[in-house]
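So that you can tell them apart, the chains are marked A, B and C in the order they are listed, and the count of residues begins at 1 in each.
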Amino acid sequence: MGNIGPIIVLALIAAGLVWLLLRALKGQEVDRRVIFAFILVSVAAPLLMPVTFKAKPTPIVRALFDAIDELPEGSRVLLSFDFDPPMSPEVQPMADVITRHVLAKKHQAICMTLWATGQAQFNITMNDVIKTDFPNLVEGVDWVNMGYKAGNEGVLNVIRTDFKKMFPTDANSIPFDSIPILRGVRSCGDFDLIISLGGGRPGLKEWVLFVGDPTGVPIGAGVAAVVAPQLYPYYPRQLVGLLGGVKGASEYESHFRDNYEQYRDMPTPAMVMMGPQTVAHIVIMAFIVIGNVLFFLARRKEGQS
Amino acid sequence: MKRTSLIVFAVVCLIFVLSWVLKAGTIDGDNAIQDAFLVTLASFLTLAIMSFMYKDNAYYKFAEHLFVGVSAAYWMCVGFWSTIVGNLVPRLSEGLSEAFGVPYLGGELDFGFLTLPYPLLYFIPIILGAFLLFRLVPKVGWLSRWPLAFIVGTFAGLNLVRYLRSDFMSQISSTFVPLLVDWHGFGHFFANFSLAADGQFVAMFSNLVIFLGVVCGLIYFFFSKEHTGLFGKASRVGIWILMITFGASFGYTVMGRISLLVGRLTFLFKDWLGIIS
Amino acid sequence: MRREIPLIITISVGFLAILSFFSPPFEPLGEDFTLFFDIIAVFAFFLGGGNLMRVHIDKLIKRKKDWGFSIVTLVGFLVMLVAGLGKIGAESITSDITREGLFSTLYYNVHLPLGSTMYALLAFFVASASYRAFRAKNREATVLLIAAFIILLGSTPIGQMLTNWMPEGMSILEIPNLAVWIMSSPNLAGQRAIMIGIGLGVVSMSLRLILGIERTYLGKDSG
């Protein structure tokens, strides 16, 4: 009985698509707003009737999970929040689940950002994950936010050899030497793993070019779907693992929940997003098919005339 | 027309106030009214941008112009506090460092034959930065070429080595992968032949596709030789590989764009309307 | 003076950046020069803000089309600027402005929703483009279309549901596995070919800049 809502919605969308196909067969065009309405409904309806699917991690996602999981307790992990609000629906869930994983494994999380907006995006992870799930962890001892520095690859070029020179204080102006978690950190070579969370420039590419390759520190990433295909050439030699878009994030969430019993009830925003994704993908594929029917009919007409 | 616009504006204002009041009733705590206002404001700004899907209108233009202003100031402020106060001031002056609450670093740069104290050295970026701002003054705008030259030179110097190493040499070396994976002879290969995703045949075929795909893709981009004969056929394979690449990129782009819409609708349904948990 | 000094700056800074990578004694100097670059980058933000003010004030004074909206831009800009530089509502001068105060409030309730929604509109346009422009006009376009379909299906649970009846020995033909294979084989090959091409382009352009051959960035009278 609980499935009746989604079934009705799917039936309505299917009926709408059939109507669109019939119009196409008659050679009639549709207003762009009709197309927009289809997308709106196909995204909104599954959100109102959420269905979550269990996602099996693909090798590239699993590789990042294993890279964090197999590090010895207390390892230093650098998390770079290189994203902005437009990317946040995709990247924030990755940032949250990866930070949760890093802290659950009792690693030290050193956070920074190459995007000015990343400093504010980090605060979301801090409030939703660090302060909620790990209230006993102390800022400066178990985790720290070094904040933003301008200069894109210029920042990476300096921290590759001298971290303190670029970050003499953390985001709250606490001197580098007074932060216990940074004791022993001289350069990026002192980190056990670096994870770039982003999808623009500067982002993963710059981390690989300016830090990963010259220092040999393993680099992992969670990126927006738009750039994910461009980063595959770095895997596996220059990149330990990659989460691409909300699909990668949902696989990671699912795998993390399966492996960490205590977080079984954690929020899984990416898994919830896969419902609307599924319906929207089907609708877009239907659009392509209908558009092509229209195209072939027009071509046949042209051929006949 | 003007009257219609006014009526629409009045209705929007009314709905805003109504939404604010209703939202305030659902929030607990001392800041309920303020929090409700902020959520309603964020929701109306979201809807103002979305109204563009119907047609270009004044509400969209308002939101768009607001975004441009707020965004530019955001980057300026964060840039100022993080890099000017965080990196320049501590190397420039003890008094300023104290005033801004950052530790004074002092220091010097030793060339061997010459030692330059940081407070002197770090006037260079201030001067170049000021020159950059001269771009706004037409008479002395040419001075902005100096910092521009500095930026271009740094970019060129930094990128030259890194791209050559990571995006050229490493990529070529990663392309030369073994074509016979886990090879124990033909007997073993045919006895265990399967199309399993993690099987030997798929691994070998994948490596072959990677090797040939890169070579043929590069041949397609090589325009100094006419694409005829064997070279032309290889170039053709290159086009096919690139088409699959673009298809994959399209698929991922769709996924990314849909995610952004899901994000905004989630905000409206959850934070504003409170109809999903 | 107008051309020679910028050229000398580009050449010397470019060489220094290369030298500091290969020669450790030059590393500190390279770091400091990169820090200069980072500081100048902030001045570029100031330049952006200044230019924005100039354009909109000009629009306002000359009463150009939609000049009223320029007031919105200017007010938004100035309010955010004062809130950020003045750390209004923050506990102390050392507080992180993105964590507390008016600046943070404006970010989360104005900047964030506006920025996110602006890009969310692309979902509608990508759907419209799929309907109107994504045609199987020839064999190449058909290959692109098929690859896109496999990726679209493979990245949702539907792909799994449609083909999970496949025997283990043919699991590569399951749509999700096929999608993974496309990403990690042909897509990787195509992207790598593009990457190598771009890499060579960046290297040659950098060399041209450092050697002073490329001067277009100096403007029209660069000679």
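Keep this in mind: a residue touches a chain if its C-beta (ideal position, glycine included) is under 8 Å from a C-beta of that chain, and two chains touch if they have at least 3 such contacts.
Keep in mind the model is a prediction, meaning the values are calculated, not measured.
J.: Consider the two chain pairs A-B and B-C; indicate the one with the greater count of contacting C-beta pairs.
T.: B-C
J.: Using C-alpha centroids, which chain lies at the maximum separation from subunit A?
T.: In terms of C-alpha centroids, the chain at the greatest distance from subunit A is C.
J.: From the Cα centroids, identify the chain that ends up most central relative to all protein Cα atoms.
T.: Chain closest to the assembly's C-alpha mean: B.
J.: Using mean C-alpha positions as chain centres, tell me how far subunit A is from subunit C in Å, no decimals.
T.: About 16 Å separates the centre of subunit A from that of subunit C.
J.: Express in whole angstrom the distance between the two chain centres, defined as the mean CA positions of subunit B and subunit C.
T.: 4
J.: When the centre of a chain is set as the mean of its C-alpha atoms, what distance in Å lies between subunit A and subunit B?
T.: That pair's centroid distance is 13 Å.
J.: For subunit B, jot down the residues that touch at least 2 other chains.
T.: Subunit B, residues with two or more chain partners: 53, 74-75, 78-79, 83, 87, 100-102, 154-155, 158-159, 163, 166-167, 171, 174, 245, 248-249, 252-255, 257-258, 260-261, 263-264.
J.: Note the residues in subunit C that touch 2 or more other chains, in rising order.
T.: 17, 21, 34-35, 37-39, 41-42, 45, 94, 98, 107-108, 111-113, 115-116, 118-120, 123-124, 126, 130, 134, 145, 148-149, 152, 155, 180, 183-184, 187-188, 191-192, 194-195
J.: Counting only residues that touch at least two other chains, what does the list for subunit A look like?
T.: 36, 39, 43, 86, 88-89, 117, 119, 147, 149-151, 154, 157, 166, 171, 173, 214, 229-230, 233, 244-245, 247, 277, 280-281, 284
J.: Considering only the defined contacts, which subunit A positions touch subunit C in the complex?
T.: Against subunit C, subunit A makes touches at 32, 35-36, 38-40, 43, 53, 55-56, 58-60, 84-86, 88-89, 117, 119-120, 123, 145, 147, 149-152, 154-155, 157-158, 161-162, 165-166, 171-174, 214, 229-233, 235, 244-245, 247, 274, 277-278, 280-285, 287-288, 290-292, 295.
J.: Taking the touch rule as given, give the residues of subunit A at its contact with subunit B in the complex, in rising order.
T.: 33, 36, 39, 43-44, 47-48, 50, 86, 88-90, 116-117, 119, 147-151, 153-154, 157, 166-169, 171, 173, 175, 208-210, 213-214, 224-226, 228-230, 233, 237-238, 244-247, 269, 272-273, 276-277, 280-281, 284
J.: Would you tell me which residues of subunit B are touching subunit C in their complex?
T.: Its residues touching subunit C are 38-39, 41-43, 45-46, 49-50, 52-53, 61-81, 83-84, 87-88, 99-102, 109, 111, 121-122, 124-126, 128-130, 132-133, 135-136, 142, 145-161, 163-164, 166-168, 171-172, 174-175, 194-199, 202, 206, 209-214, 216-218, 220-221, 238-255, 257-258, 260-261, 263-264, 267.
J.: Per the contact definition, I'd like the list of subunit B residues that touch subunit A in the complex.
T.: Of all residues in subunit B, those touching subunit A are 53-54, 74-75, 78-79, 82-83, 86-87, 90, 100-103, 105, 154-155, 158-159, 162-163, 165-167, 170-171, 174, 245, 248-249, 252-266, 269, 275-276.
J.: Note which residues of subunit C are touching subunit A in the complex, please.
T.: For subunit C paired with subunit A, touching residues are 17, 21, 27, 30-31, 34-35, 37-39, 41-42, 45, 94-96, 98-99, 104, 107-108, 111-113, 115-116, 118-120, 123-124, 126-128, 130-137, 145, 148-149, 152-153, 155-158, 160, 176, 180, 183-184, 187-188, 191-192, 194-195.
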